[in-house]
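Letters A, B, C and D mark the chains in the order given here, with residues in each chain numbered from 1 onward.
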Amino acid sequence: MSGNTLGHLFSVTNFGESHGPAIGCVIDGCPPGMSLCEADIQLELDRRRPGTSRHVTQRQEPDAVEILSGVYEGKTTGTPIALLIRNTDQRSKDYGNIAQSFRPGHADYSYWHKYGIRDPRGGGRSSARLTAPTVAAGAVARKWLFEQYGTVFRGCMTAVGSVEIPFESWDHVPHNPFFAPVADVQALEDYMDALRKAGDSCGARIRVTASNVPVGLGEPLYDRLDADIAHAMMGLNAVKGVEIGAGFDSVAQRGTTHGDSLTPEGFRSNNAGGILGGISTGQDIEVSLAIKPTSSIISPRDSIDVNGQPVEVVTKGRHDPCVGIRATPIAEALLALVLMDHALRHRAQCGDVRLAVPPIPASIG
Amino acid sequence: MSGNTLGHLFSVTNFGESHGPAIGCVIDGCPPGMSLCEADIQLELDRRRPGTSRHVTQRQEPDAVEILSGVYEGKTTGTPIALLIRNTDQRSKDYGNIAQSFRPGHADYSYWHKYGIRDPRGGGRSSARLTAPTVAAGAVARKWLFEQYGTVFRGCMTAVGSVEIPFESWDHVPHNPFFAPVADVQALEDYMDALRKAGDSCGARIRVTASNVPVGLGEPLYDRLDADIAHAMMGLNAVKGVEIGAGFDSVAQRGTTHGDSLTPEGFRSNNAGGILGGISTGQDIEVSLAIKPTSSIISPRDSIDVNGQPVEVVTKGRHDPCVGIRATPIAEALLALVLMDHALRHRAQCGDVRLAVPPIPASIG
Amino acid sequence: MSGNTLGHLFSVTNFGESHGPAIGCVIDGCPPGMSLCEADIQLELDRRRPGTSRHVTQRQEPDAVEILSGVYEGKTTGTPIALLIRNTDQRSKDYGNIAQSFRPGHADYSYWHKYGIRDPRGGGRSSARLTAPTVAAGAVARKWLFEQYGTVFRGCMTAVGSVEIPFESWDHVPHNPFFAPVADVQALEDYMDALRKAGDSCGARIRVTASNVPVGLGEPLYDRLDADIAHAMMGLNAVKGVEIGAGFDSVAQRGTTHGDSLTPEGFRSNNAGGILGGISTGQDIEVSLAIKPTSSIISPRDSIDVNGQPVEVVTKGRHDPCVGIRATPIAEALLALVLMDHALRHRAQCGDVRLAVPPIPASIG
Amino acid sequence: MSGNTLGHLFSVTNFGESHGPAIGCVIDGCPPGMSLCEADIQLELDRRRPGTSRHVTQRQEPDAVEILSGVYEGKTTGTPIALLIRNTDQRSKDYGNIAQSFRPGHADYSYWHKYGIRDPRGGGRSSARLTAPTVAAGAVARKWLFEQYGTVFRGCMTAVGSVEIPFESWDHVPHNPFFAPVADVQALEDYMDALRKAGDSCGARIRVTASNVPVGLGEPLYDRLDADIAHAMMGLNAVKGVEIGAGFDSVAQRGTTHGDSLTPEGFRSNNAGGILGGISTGQDIEVSLAIKPTSSIISPRDSIDVNGQPVEVVTKGRHDPCVGIRATPIAEALLALVLMDHALRHRAQCGDVRLAVPPIPASIG
């Protein structure tokens, strides 16, 4: 296991660099017999695509996916599904000036020390562009989980920079460029416009959730369901914090409050975020992510070059001023990939995967 | 990979139940030629041992470790190191009354649904007792990392329930039962005494850090160093949130502030928590954990039994009112295990493991 | 994955040295709810036990197994099953004279070069004693496969040194110390007695077979069922060759003869050995193994010491003059472990595991 | 780990079907900084290419490889290397007549039972065409091992059908279409011509060897070097037997003969095939393979269709009458991949990889 593979039984091996010829992934372990075509995957890729509003990078990438294998006459065959996305809008010259120095807060420094060589074009392997194959693979997992169990994944932004976003309704999420669950996003537009003018970037907080989750998913020690969710989410570019259920609010809670009491009709609350002892309960899985500000900014910063000499770094090129804005569909995909893998692991050991009976009431909105 | 193994190259396979005959682990992949004896491991086990203050479970377990293999004439041979800890103070009858019902907030419910069978004695496999083998394995990793690179691991409690604990000095940590970095723990004693009288439990926040960390550890996608730390930490009983570096504070930060600027003498700050792009920079690794309140409490709770009928659950037996109190040495061990695994992974691919030059200044505090 | 684990979903992690305090293994991934007690395992351990005839090592080891975890009230719980076997009859002084030199044909040389340190007592980790935990784990796999599918495993010796052993009946196998499928073993007794007097050792050939095998087990590329069988068998001490079905006889066969033709009642022959394209067909799995002569012999041999100086090596101590004699139950266990792992892998991806319909006629003999 | 990945640290994930749009692989874990271009890989692909003599399939495939990632300015970056080979000469209609029935000796039957669906075009995933990505990945491993240690891989055919091929010299191998180590291949030409006229196919035996092998590669239990070689080789289409060193000849050998004696100048013989106790000794690795006759033959055979009804099967299309003819470069590639993986595993645990001192004399020719 060499690092670029996510999952054990539904495993996704990711390849590519931001400005190389192509990016993609190989999905191994997909159950046979599921209908699958490129449009099923394109749908999710389009949700994270760059260039769709003024608040994200202006790089224009169609992100057209090609299925190279594993599907025959519109159905999965059980053999590896290779997905290919050609890069089309690389402007590598934009990055020439940072090839010999390190952007503060960027992977430049650590890649160079690890490998002694790095592809500086667009961040190379460290680019958020490499989340596209993850989203593509996630689309396959989502489809299977939905068809088998009715599992659905949703996500939204809950804060952008210092602006908290209240939850109004999932219905609003597709209708604004922020994945914000509110009807009026003027405050967010204004905040982002001011930020862009200042040549700065900001962080974000994202919430993702899964409903209609089978009960019993997760290995109790060490590969707990929450542990693998944390692994997947913290493995996403720029994520600095992960919470399940009540998260850091648990610290100040008491046991009498935190522990979700049960009734014959289901749980009364969901501080657990749908996971107890590392195993899914059937309640909604609830995850929250902290995403740091983009490190590629136009404001000048103090840094050093590869020879250790002081330099001032200014990053031109086309960057997301808030990488969190496009993170929602990616986090949904990651959650789907983790649940898919654990559904298959559970099926291997315990022979069936099923929803909880009596049905578990979903958490509130 | 069946769930109970942590790590790929320095891998720890954990076994046992709270009230079974024994618990333990097998460490595979330890480099040969390192001095190792039981006292090296016992030292760390004693730090997490139950029964050492009135604020933790009164179960008396010597937790005496026996090395069964992998060490010859006081040196590791490169073959698996099996560690055995016999359980001695099981009082299984304490748990008879909860065998047929589910404690709110406890793994009872999810285990029963996953496996169709569970060992209810002391929580069985879901007991925090199973962190002892993790600590034992961590002691081996710590020793190797210290001898090779001078890496040291420290941890402390930063909040217990609603009481925030300021950082005064690492020197205080060993001198109180809370791993608190303060000289005066009277407020914590009082808080815990009141809680115990109320028959309730509380959460906690823990901070762990590693210093003198080699540069270049971590696979950028998906097995990032921070992702694997999050996996290890969220895999610890009762953890509901994990932060690296600035964590959730990153959300409201701007790029000009968050990105740690570099000078020829090193980094000026450590919002990154020692990790950029999933790879260690050589700065201190900084991790923060949210730990939920213990679910086994004496206060009566509404729940259901295995037949779905309503019951009132009261948990007797001997429990930690705040599992966070003993979590510090465990979290240190987990951090050591993750760094050890990545040190070997890095050595495999890149051929050497080394500290950053120029030396990276440690973060403050 | 650090080398001492066999299997991915039903995984066995083996530990111990020949003359250390104990040997054993941890089985992870066993399905929950199966009846299991120590006697189920002891039965198979007794079949490979040393000291039971004059043709094998005279070391007396009861090989009493203790189940440390994973079983509650006589049933597997789905959590790791740790098995412990204490070593009782170590005579380490027997081996003092070979600690500084290398026995021709023995792992002494390669261990010393790999690790820079080795446990010379009884071969340390390279001892055939370490097959005991494999047999113990295999007993668990056999029980599950038999209860689920009626799968049975059998093995016999087909040649000892230059003496070919014809197949008469499986019924004879338990009634002689060679696992020979013949009524009269006088020729084998005489051959072994002469060999022992000559202070020499000999090779052997073993056949193992599985009947009532589910159809569809095996991943076509690279983890084919035959590939994983070859891995398991070649991983057994002293094995130098592995054949599936017609094996090396396939070289001179023609396609018209080799390809097993099918009829509505099943296959007409079994040159495939029950595996086509890396996937089980439901026919009997047929495996043949070549086992080399024991390298620890009393006859003097030319060798070198750790300083590269020439020495003459004579191995005293208690050794099997033909390690193949006790290999049959071990090879059966390995075959069971591989099928078990693939049964779970198949169940994960394809959702069910079943026997072929129409029933496949067993191969002859 | 889902079956289509070979190797743990230098891992190759293979995808594609014979008549799909493309085949390829992703190599993860390649050390950074090695020069690599497409020509380095094409060289080895051309050695296994179809259509190069009348004795192999007449399918014309340029097998032009494209490097999609992991190489920057001609050097490996340490990130995944994706290799793509487009299929160009598919004639899927050739296979229409066998979509509903099972060729004797072919994977048709087992795939259909495993997955409930199969891609019948050219054998789909079970086609020997899928060895091309393995060869491509092997070229990368060979280059690194050669540059680091001078390791070289060679292979030749030692029997085709009933014709034994004596070893004359490695020099002859590139000069005939059989990879035969003899100057005069007229007997082989005649044998193959007669076979083709008869509409039949035949088996073959192949030998592969590695020289200048580092000492100490291999995990003693269970992932021995010989075990992983056996896994890789038996995972190759049509292989039914694997031998290391003396192989099945070991059965009739005595310990005094089999054990390779040592002198200060090196080993006197190589019955071990370069591996003792599962670990490389530095001697040449010697492997022999039995390859079964091709199952796709023009002669009519009895079989059944997917409904269990009797049918007569005749396979038209373009097939190798002896798949063993093109197997030599594939087996070399597999040996290189296994050694590469174990070189990195050894480096992880033991910190260095080196050749034996004093130098080990190579085995005879």
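Here is the rule we go by: a contact is a pair of C-beta atoms (placed from the backbone, for glycine too) under 8 Å apart; a residue touches a chain by one contact, two chains touch by 3 or more.
No experiment lies behind these values; they were computed from the predicted model shown.
Peer 1: Quick check: more C-beta contact pairs at A-D or at A-B?
Peer 2: When A-B is set beside A-D, the one with more contacts is A-B.
Peer 1: Look at all chain centres (mean of CA atoms) and spot the one farthest from the centre of subunit A.
Peer 2: Between subunit A and the rest, the longest centre separation is with C.
Peer 1: On a C-alpha centroid basis, what's the spacing between subunit B and subunit D, in Å?
Peer 2: 45
Peer 1: Could you put a whole-Å number on the gap between the CA centroids of subunit A and subunit B?
Peer 2: 26
Peer 1: Rounded to the nearest whole Å, what is the centre-to-centre distance of subunit A and subunit D, using the mean of the C-alpha atoms as each centre?
Peer 2: 39
Peer 1: Where in subunit B do residues touch two or more other chains at once?
Peer 2: 1-5, 8-9, 14, 29, 32, 78-79, 114-116, 125, 220, 345, 349-350
Peer 1: Would you pull the subunit A residues touching subunit C in the complex into a rising list?
Peer 2: 1, 8-9, 29-32, 78-79, 220, 344-345, 347-351
Peer 1: So in the complex, which bits of subunit B are touching subunit A?
Peer 2: Per the stated touch rule, the residues are 1-6, 8, 14, 102-111, 113-116, 125-126, 130, 159, 161-162, 195, 200-205, 215-224, 226-235, 237, 239-264, 268, 271-273, 275-282, 290-295, 297, 299, 301-304, 308-310, 345-346, 349-350, 356, 358.
Peer 1: Mind listing the subunit C positions that touch subunit B in their complex?
Peer 2: Those residues of subunit C that touch subunit B are 1-5, 8-11, 13-17, 20-24, 26, 28-29, 32-33, 66, 68-70, 72, 75, 77-82, 84, 114-119, 124-125.
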